[in-house]
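First subunit A sits with subunit B, and in the next complex the same chain sits with subunit C.
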Partner chain A sequence: MPVASAEASTSRKQGRGRSVNVFGGLSHVALLIWAVLVIFPIVWTFLASFKTNTELFGDTPLALPHQFHWDAWGRAWAKAHIGLYLVNTIKVVAISTFLTMLFGSMAAYVLARYTFFGNKAIYLLFVSGLSFPVFLALAPLWLTMKNLGLLGTHTGVVLVYVAYSLPFTVFFLTAFFRTLPTSVGEAAMMDGCSHTRTFFQIMMPMAKPGLISITIFNVIGQWNQYLLPIVLLPGDAQDKWLITQGIANISTNAGYEADWAGLFAALSMAIIPVLIVYIIFQRQIQSGLTTGALK
Partner chain B sequence: MRHGKLSPVLLRKYGFIASFLAVPLILYVVFVIWQYIQAFQISFTNSRGISPNFDYVGFDNFTRLFDDEVFWAAVRHHVVLLLAMPLITVAIALFFSFMLNLGGGQKNGKMTGVPGSAFYKIVFFFPQVLAVAIVGVLFQAILRPDKSGVINSALHAVGVDPVGWLISPGLALWTIIGVMVWQAVGFYVVLFSAGMSSIPRDVFEAAALDGAGRFVLFFRITLPLLWDTLQVGWVYLGIAAFDGFALVQVLSVDRGGPDNATTVLPLEIWRTAFTYSKYGVASAMGVALFFMTLTFAVLTLRVTRRERIEF
Partner chain C sequence: MASIVLSNVDKIYAGGVKAVNGLNLEIRDGEFMVLVGPSGCGKSTALRMIAGLEDISGGEISIGDRVVNHLPPKDRDIAMVFQNYALYPHMTVEENLAFGLKLRKMPKAEIQKRVGDAARMLGLEQYLKRKPAALSGGQRQRVAMGRAIVREPQAFLMDEPLSNLDAKLRVSMRASLNQLHERLGVTTVYVTHDQVEAMTLGDRVCVLRDGLLQQVDTPQNLFDSPVNLFVAGFMGSPSMNFTYAELTRDDDGAAVAFADYKLPVPDSTFDEKPGLDRYIGKKIILGIRPSDFEDSVAANGNAAGWVRIPVRANVTEELGSEINVLFTIDAPPVEHKDTVAAQHDGDEEEAAALPLAGDKSLWTARVNARSHVRPGQDIELVVDTHNLHFFDVDSGLSIGHEANVGA
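Presenting the complex of A and B:
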C-alpha cells in the first residue's frame, strides 16, 4: 500500500512499448486534472475571502484579490458568530465522542467477552440500528426532545449524537474485542483484578488501534453533522448553533448586498482547521474511515 | 468456578455486565429504537405535534403519498441517483486506484503506482473530511449561473455562454450528482487501494511474466479479485443515493428546486415535519424510505453474490 513515488519516478524503464506510454501519459493527465478539481475550489474560497463584493461579482472571479485584507475574517468571526459556533462544535463533539467511545467500548467489551442470557439479542438490537435511515426517526425524535425539554440544548445534541453513533461503534468494537487474546485478561482476573479494572487497565490499552480508528470515524462524522443540529437546535437557540448550520445559514440568508467575503472567510475558517488536521493525520484518518467499511 | 448458584463470583460477573450495559443500552433504546418504533406508529396518525391528541387514520398518509407529485418526483430522483452516482463514482475511483497502485508496472519485482501516487491519494481523499453542508456552500459560488460563477467565468473565457448549472431544471440534478461524485471519489480510491494491496503480489507478477498488459491486469485479474470490496462500495454508495439531504438542502435553488427538480425524500420528510408540521405524513415518508433502502440493500447483496475467490 505505501507507494514509493519518488523512486518510481526515477526509473520507469520497463514500459511496454509506446501504446502503454501514451495510455500512461493520458492517465497521468487525468490524475492531475482531478487533483486540480479538488484543490482549486478550496484555494479559490480562501482567496475570495480577501476580495471585495465588486471583485467577487465582476467579470473576473478567477483573478487574484487586489489586496489582502483580513477584515472579512474579523467580521465572520465576530459578527457572523463563527467563533462561537466553532467553540460550540468543539465542545459538543469532544464530549459526545468521548462518551460514545466510553459507552460503546463498555457495551462492546461485555458483548464480545461474556456469555450471558440475552447477549446475542442485545448485540443484534445494536446492529439493527445500522439499517434504519435516521430520517425515519426525525419527527418522533423532535417531539421526544421537545417533551424532555432538551430541544435547543447541547445536552440534547450530545445525547442524540452518542445514541446514534452507538450502533456502528458497538458493531466494530465487538468484532475488535473478539480478535484480542483472552489469556492476558484471564491472567489478570486470576491475580484478583476486578472485571472493571481488567477492562480499563488491560483491555482498553490492548484495543488501542481499534479505538483510535473509531474515534477518528466518530469525530469526523459528528463534526460534519448537519441534519441533527438543524433539527435539534432550532432558530431560537442561535447562540447554541454548530458550525455547519451556522455557515449554511449565512449562505441562505445572503442576498446580493450581503457580506460575501465574510461568507468565504467563514468557509475558510471551517475548512482550514480540518485541512491541517487531515494533513497531519492523513494516514490514520484514511484508515479510520475506510477500515470500518471493510469489516 | 462457573457452576455455583449465584456464588459471589457469578454475582460479581452479572453485576459487572449489567453495570457496563445499562447506560449505553438505555441511551440507545430511548433515543434510537423507541424513536423508530414511534415513527411507524405516527405514520398511521394525523399527529401535528402541537397537541398530544391525535387520531389513527389507517393508511391515509400512505395513500396520500401515492397522489403526491412531489413524493414521486423525489422517488424518481433517487432512482436517477441510484443508477448514476455509484456507477460514475466507482468507474472513476477504480481507474484512479488502479493507476495509483498498479499503473507504474513492475519495479524490483514489485507492482508500483504511477509517480506521485502518495500525493494523489492524500489530495483525492480530502473532500471526504469536509462536511457536506460546507461543500454545498462552497459550490454555490463555483456554480453561480452568471459570469461571476467560477465555472461560467472560465467557460466565458473560451467563448461559451453561461450555463445555469443549478437553475435549469434538466441540469440541476446532474450538477448535484457531479458534486456528490466530487466528494466521494477519494474515499473509494482509498477503499479500493486497500483492497488492491491485499491481493498477493505474485498474482500480478505471474500475470506480468505471461505478458499481460495493463488492460488484462485490470479486467481479468484486479477486478475479479476486488469483487468483495466493490460490493461493499456499491452498497455504501447506494445508501448514499437515498440520502442527499444536506447537499440538496444547501446547494439547490429553493431547497429542492427549481420546481422540485432536485428534491429528495429526506428533504421532503424534513420539510413536511418542520415546515408544515405534518408529522404523520413525514413519518409515512420515512417508512417508505426505510423500505426502499432495505429493498436496495437486500437486492444488491443477492444479485452481486458470487463464489468468493480465495487467495
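Presenting the complex of A and C:
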C-alpha cells in the first residue's frame, strides 16, 4: 500500500510537471512572438534610416541597406531641427515628469494615509480625470492658455502635461502607499519626524519601486504626446516645437518629396532616449525596498 | 523616568464602537506594567493613546507631571517598539538607531556613544552596517528595541514585541527583556495577549476585556485571587476548572457539592472570603486550578487538608516535569459569558474538546510526572481545598474578593 501510494504520488508529480512544461512552453512561444512584434519594427526603423528613398520603396523593403551612411541622421538633426526639438522635449518632459511625481506622490500619500473630510471626494475627483478624453479638452485648453498668455510657451505645455498625468499617477500611487506598512510611519513620528520629513525621508524611499514604475510610465506618455503640443505650440512658435511635431513636419512639409530616411533617422533619435530611461530604471523596479522593514 | 496616569480614558471609534471604556490606571515610576487580554479588548488602543498615535475620546493621560492629551508623539518623550518592528528598510542598523537622535539635533559624539552602548547591550555591534533586510527576525527585533533604548525616554511602550519570534527565541528574549528592565529601570508599558508573557514580565498586570479594566495586580495575586470568572479563566495555563456546585453546611462543617463529589470547605476559607456564608444552600460556580490537584499516590504523606476524589483519566499530556490529566466530571459545563470569553482566546484545542464531552465538563489536573498515569486509567486525585475559588452564578464575580465585598 505505501508503495502504491508512493507511485501514485510520483506519477501525479510527473503529471503536474508535464502540464507546467506544456504551459511554460506555450507561454514562451507567445513571449517570443511578442518580442518579435516589438523588436522588428524598431530594428527596421533603425535600418531604414540608412536607406535611400528608392531602397525604401523598392522590391525588397526588408533587405539591409547598401551602405551605412549617417547622411539622413545629419539631415534630420540639422535641416529638420530635430536636435533643437529633442532638447526642447527633454526639457519639457523632465520638468513636467518631476513636477507630476512631486505633486502626485504628495497628494497620493495624503489621500492614502490621512483621514479628513472630503478625502474620498478629492480622490474621486482625481480619478475622474482618467475618463476625460484629451479631445474634449482641446478647445477650452487652447483658450485658457491663450488667456493666460502661455500659448506657445513651454511653461504652458508643462502645466498641461502635469495636469494630464496627475490622475493616473495619484490613482496608482494611492494604491501603492496603502500597501506600505503604517507602523513604519508611526515609528518615524515617535522618533520625532514631522509629517513632511516622514514623507520625504521614510515613505518616499520605501515607495521607490512604485515611484519608478509610474515615472517611466509618465516619461513615455509625455514623450509621445503629439496632440497637445500641436495645439499648445502652434506653427508661429516653431523654435519651441517638440520632437513629435518635428517628425511629423518632415513628412508633411515636403509633400511627395518627403525625406523618408531622414524621417526614420528622426524616429530613431526619438526612440533612443526613452530606451535609455527605461534601461536605467527598470532594474530598480525589480528590487522591492520594503524587505526588512517588518518581522 | 516618569509615572503614567490614565484617568477615565475613553476611546470611541467612528460608528460608536467603544474600544476603551473609562480606563483608570496608574503606572508607577520605573514599573513594568503589562496590559493583557484577548484580542479586541482594547489593550493596543490604550497603548496607542499613551503613545499619541490615537486620539483620546475622553479622559486624561499624563506622563510625569504633564497632561499629554494634545501633545504629538514626538513631544511626549516616549519610545515605542512595534509588533512588526517597523524598521526603516533603506537605512542601516546604525542609521536606524541614530535616526531619532539626529532629529533631536543631538551632537554627533553623543549619538555615537549612545548607539554604541545600545548595540553592545543588545549584541548588535557586528550588524551596525547592515540593512534590516539582511538580518534575522530576532536581530530585527533587537534593532527595534535598540531604537527605543538609545532615545533614553521617560517610558517604553511595547506592542506585542515578541509575538513574531519563534517559541524558543521568544523565551530567551523574554529573559533579556527582564534583564534590560532591571538594568535601565525605565517605566514600561507592555501589551500582550499571552498570559504567560504577562505573568513572567510584569511587575503588575492589568487585565482588560472589551475595553473594561478587570483587575490590576501583581501576577501572583491575579493567579491566587482573581476578581471574576474572566480573570480566573484567562490567567493560568492550563486554565482553571469550573463547575456549578452547591454550598452546604451540616454537622460536619461546610462543604461544596458538585457532580458525585463533595469537598469540605475549611473554616479558614470563610474567614478569607467575607460574605461566602451568605451563599450557603445556594448554587455557586466553583473553580479549581489544575495545579491544586495532585495524584494521591505521588502526594503520599503530604495530604493534610487535601481531599481525595476518584476520577478516570481520559487524556494525559506528558510534559516531562509534570502530566496534565484531562478527565470528565458528571456535571454540565459552565457556560457563563465570562468563561466563554476567556476560553475564546486561550487554548483553542480545549474549546474544541468541549463538545466531545457532551453534557459533561472536561477538567484538567496537573500532577507530578512520577504519577505515570495512562489514558483510560482510574486515578485518585487529591484536591487542595484551601485554594478553592467561588464565583457568583449571575455576576461571575469572585465571592469574598476584596474588590467585590462592597458590591
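Note that the second predicted complex is superposed on the first by the 198 of 295 C-alpha atoms of A that agree within 3 Å, B and C clash if a C-alpha of one lies under 4 Å from a C-alpha of the other, contacts with A are read in each partner's own complex, and residues count from 1 in each chain.
The definition used in the following text is that a residue touches a chain if its C-beta (ideal position, glycine included) is under 8 Å from a C-beta of that chain, and two chains touch if they have at least 3 such contacts.
Just so it is clear, the model here is predicted, and its values are computed rather than measured.
By the touch criterion defined above, A:L136 reaches subunit B but does not reach subunit C. In the superposed model, B is the one of subunit B and subunit C that contacts more residues of subunit A.
In the overlay built on the shared chain, the residue A:V184 is in contact with subunit C alone; subunit B does not reach it. Of the two partner chains placed around the shared chain by superposition, subunit C is the only one that A:P205 touches, whereas subunit B remains out of contact. By the touch criterion stated above, A:G192 is placed in contact with subunit C alone, subunit B being left untouched. Shared-chain residue A:S251: touches subunit B; no touch with subunit C. Residue contacts after overlaying the shared chain place A:F57 against subunit B, while subunit C stays out of touching range.
Residues 289-290, 293-294 of subunit A lie in contact with subunit B in one complex and with subunit C in the other. On the subunit B side of its complex with subunit A, the touching residues are 12-14, 16-17, 19-21, 23-25, 27-36, 38-39, 42, 47, 49, 92, 95-96, 99-101, 103-107, 112-134, 136-142, 147-150, 153-154, 156, 182, 185-187, 190-191, 193-195, 197, 213-214, 229, 232-233, 236, 242-243, 245-246, 249-250, 265-266, 269-270, 273-274, 279, 282-283, 286-287, 289-290, 293-294, 297.
By the touch rule above, subunit C contacts subunit A in their complex via residues 51-53, 72-74, 78-80, 82-90, 99-100, 103-104, 131-135, 137, 140, 147, 151, 164. Listing the residues of subunit A that touch subunit B in their complex gives 1-5, 7-9, 11-12, 14-16, 20, 23-24, 27-28, 30-31, 34-35, 37-39, 41-42, 44-45, 48, 56-62, 103-104, 106-107, 109-111, 114, 116, 122, 125-126, 129, 131-133, 135-144, 146, 159-160, 162-164, 166-167, 170, 194-196, 199, 220, 223-227, 231, 243-245, 247-248, 250-252, 260, 263-264, 267, 270-271, 274-275, 278-279, 282, 285-287, 289-290, 293-294.
Taken in their complex, subunit A has these residues touching subunit C: 181, 183-184, 186-193, 197, 202, 205-206, 208, 289-295.
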